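Questions regarding the structure given below will be posed in turn.
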Amino acid sequence: MPMKARVSTFGLLAGTALAITTIVGLFVVPADAAQGDVQRIMYVHVPSAWLAYLAFLVTFVSSVLYLWRRELRFDRLAIAAAEIGLVLTGITIVTGAIWGKATWGKWWDWDPRLTTTAILFVVYAGYLLVRQSLGDRYRRARLAAVYGIVAFVNVPIVHFSVLWWRGLHQAPTVIRPGDPSIDHTLLFELLASLLSFTLVFIWALRRRTALEAGRDAADLTLGPGT
Amino acid sequence: MRAVSLNRGSTVSILARSVTKLFGETVAIWEMDLDARSGELISVLGGNGSGKSTLLKILAGTLAPTRGTVRTSGNPQPDRTIVGLVGHATHLFEDLTARENVELAAGLAHRRRDGALEQLEMLGVATHADRRVGDLSAGTRRRVGLARLLATDPDVILVDEPFAGLDNAAADRVAQALAVARDLGRLVVIATHDDQRSRSIATRSLILDRGRIHRTSPVGRLAPIGEGLAAG
Amino acid sequence: MTELPFVAASYLIVIGGLAAYITSIARREAVVRRTAQAIGRERHHDPGVVSRDNAATDDDEAAEADR
Amino acid sequence: MSLLVDAVVLARKDIRVELRAGQAFGSAAALAGIALILIGLAVGPQPERLRSLAPAVVWIALLYAALAVAERLEQIDRSDEAFTGLWLVLTDRRSLFVGRVISLSVALFLLQLAIWVAATILLDLPVRPEYAGLVLVATFTSLAAASVIALVSAVVADADRRSLLVPVALLPLLVPTFIAGVQASTALLDGRSSDGLLWTGAAAVEAGLFIGVGLLAYESAARPD
């Protein structure tokens, strides 16, 4: 089981891409007319949020694939994506709260997106906890897959119930980060940031999956070629 | 007094191919092959830790082997229970009475529910029919568990230590019930220390030693007790 | 320009968080590499340890089953 | 069809065991009662504030009562591997899921109504014609909660530190049902029956969705090997 080189070329690529979009986002791109510099938070907050959802989608799909094919490689992908998704969700909540504090003066405003993300954080923290409480490798994979599926089915339901809960009569928060009407260069920077975050996401996914494969290879109770 | 259900044409066999079961570093079963067919009563003998109980659970499908496969083949009728297992765990609900437990299982197996008392009688525990299972002695509970299993009339009957904790009269009734199932064309596999009684009803016996089949022989040519059996 | 600390904080948290997570993977990988090597050494000296590829033969003294 | 027949047999077994042992419902109702009294004490005797908090109180009490019922039913199945016995007997094991959803929703439905009665007295709620809608809310929210609990209980059935794990694994997944339940009952208490109906519909959709997911995933979750 060859372990990854210290930092693979892909890792370097992802790292530099992130560095570039960060510098551009902070210093090169003009400040947003309405919000001023605060709006720069968008270049890290929005990609984190979108990739967190993507990560949980990967966990969902690989959970379904595991139940169908019963191959551990899918379970490894599920755990890797869930863990990364949880980190990204945490980042999204914190940067969202900071952005909220800067714009509305309050850390937490029960904004529908932020509230949904917070609930997802707890749901997938539950997923990791379920995994830690199950001993046998194959049983853990199977039961985690079921939980991964139920957790993901819950995402849209939570999203809509929080949106509705926020106010059947009250329009959602005025400031819509991904608002298409924003300035093109800003939009370009947002998409560039999304790309660099995606590269970092894929790199982290490969490393974390390799780690899980290493653990399985070192686990004597597993049959050959797991 | 024969069990009520009719003989059916369904012949079922269990094929175990290079089954291995590891618990951490401990070998419970190692590369075991086994073919068992309807109509057989196989007695699995062996000391503690020889893997008898593990083998039964793997055959029942309630324990996954680390490696190898267990397949049931033949033409089991659709919509019927294939495998029944009873052993240290009797799969009974303590708050229900013996009769209620047997009726529940028979109902879920789509078998006749009114045969519950008969099954209990066959195993000599009819007097406890309406007592709460939680209040019964271990020996009685095991026989109620077996009665529940027989009431579901599965194609494969797996019983771990059928005679444990029973006096001779009770053990004979259990042996008789298992023989009846064998004659009805079921596949019966029992794990036991009681070589004498099992030999009287077995069509074949296996001696297990440290997770491997040490010797297998049709009944009658079985070596005297002790020879070849692992100590302890 | 009162918002700069907020912006800086956000970026630090994002970059710092991702970097911390990646290093945590690297740290856990090192642990796994050490156990893999230990098992490799172990299997080399003592065939008694159950090895998945060279199965113990029947008459071999397999690990004593105390299940 | 036999799926439903077996499910009803299993649900009746759950209810018969519960009536005989009587621990699940008793402890759940006690838990809910304590929650109501504590919150009443915390808020103080101002009727206006109590009234606005009633749905929250009822639903938090109900969630914890639901966990107690689920824990007890799981314990009964686990003792003496009774569940494995059922698993082997059945050909269509989804009836175990449907049976548990039925018995759990009956328990949660009765609990919810009992808690509402207690809340009406303790929190001095005005009785309105719209209250009839609470029966509908109780039906669908009980089904939604029961289906999530039945499936997740199977997932964590033999996890170690199970009793610590169940609330963390379960409560986040019950958030949508919690929101629907609180919003629907708030609307009914305020006489806004159209909103009440809307949220009851949301609960019904959740119930349908989680029962669907349960039917697909239950066998993978409950398999004993």
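Letters A, B, C and D mark the chains as written, and numbering starts fresh at 1 in each.
Criterion: a contact is a pair of C-beta atoms (placed from the backbone, for glycine too) under 8 Å apart; a residue touches a chain by one contact, two chains touch by 3 or more.
Only a predicted model underlies this, so the values are computations on that prediction, with no experimental measurement involved.
Ranking every chain by how far its Cα centroid lies from the centroid of chain A, the top place goes to B.
Here the chain at the heart of the shown protein, by mean C-alpha position, is D. In this assembly, the C-alpha centroid of chain A lies 23 Å from the C-alpha centroid of chain C. Centroids built from CA atoms put chain C at 42 Å from chain B.
Centroids of chain B and chain D (each the mean of its C-alpha atoms) stand 39 Å apart.
Between the Cα centres of chain A and chain B there is a gap of 51 Å. Residue positions 22-23, 25, 64 of chain B each touch two or more of the other chains.
Residues of chain A in contact with at least two other chains: 139, 220, 222-223.
Contact with two or more other chains is made by residues 49-50 of chain C. On the side of chain D, the complex with chain A involves touching residues 148, 151-152, 154-156, 159-162, 165, 168-169, 172-173, 175-176, 179-180, 183, 195, 198-199, 202, 206, 209-210, 213, 217, 220-221, 223, 225.
By the touch criterion given at the top, residues 1, 3-4, 6-7, 9-11, 13-15, 17-18, 21-22, 25-26, 28-29, 32-33, 35-36, 39, 49-50, 52-53 of chain C touch chain A in their complex. The part of chain A that touches chain C in the complex is made up of residues 1, 3-4, 18, 22, 25-26, 36-38, 40-41, 44-45, 48, 84, 87, 90-91, 94-95, 98-99, 101-102, 200, 203-204, 207-208, 210-211, 214-215, 217-218, 220, 222-224. Residues of chain B that touch chain D in their complex: 60-64, 78-81, 83-85, 89-96, 100, 104-105, 107-110, 148, 152, 154. Residues of chain A touching chain D in their complex: 67, 119, 122-123, 125-126, 129-130, 133-135, 139, 142-143, 145-147, 149-151, 153-154, 157-158, 160-162, 164-165, 168.
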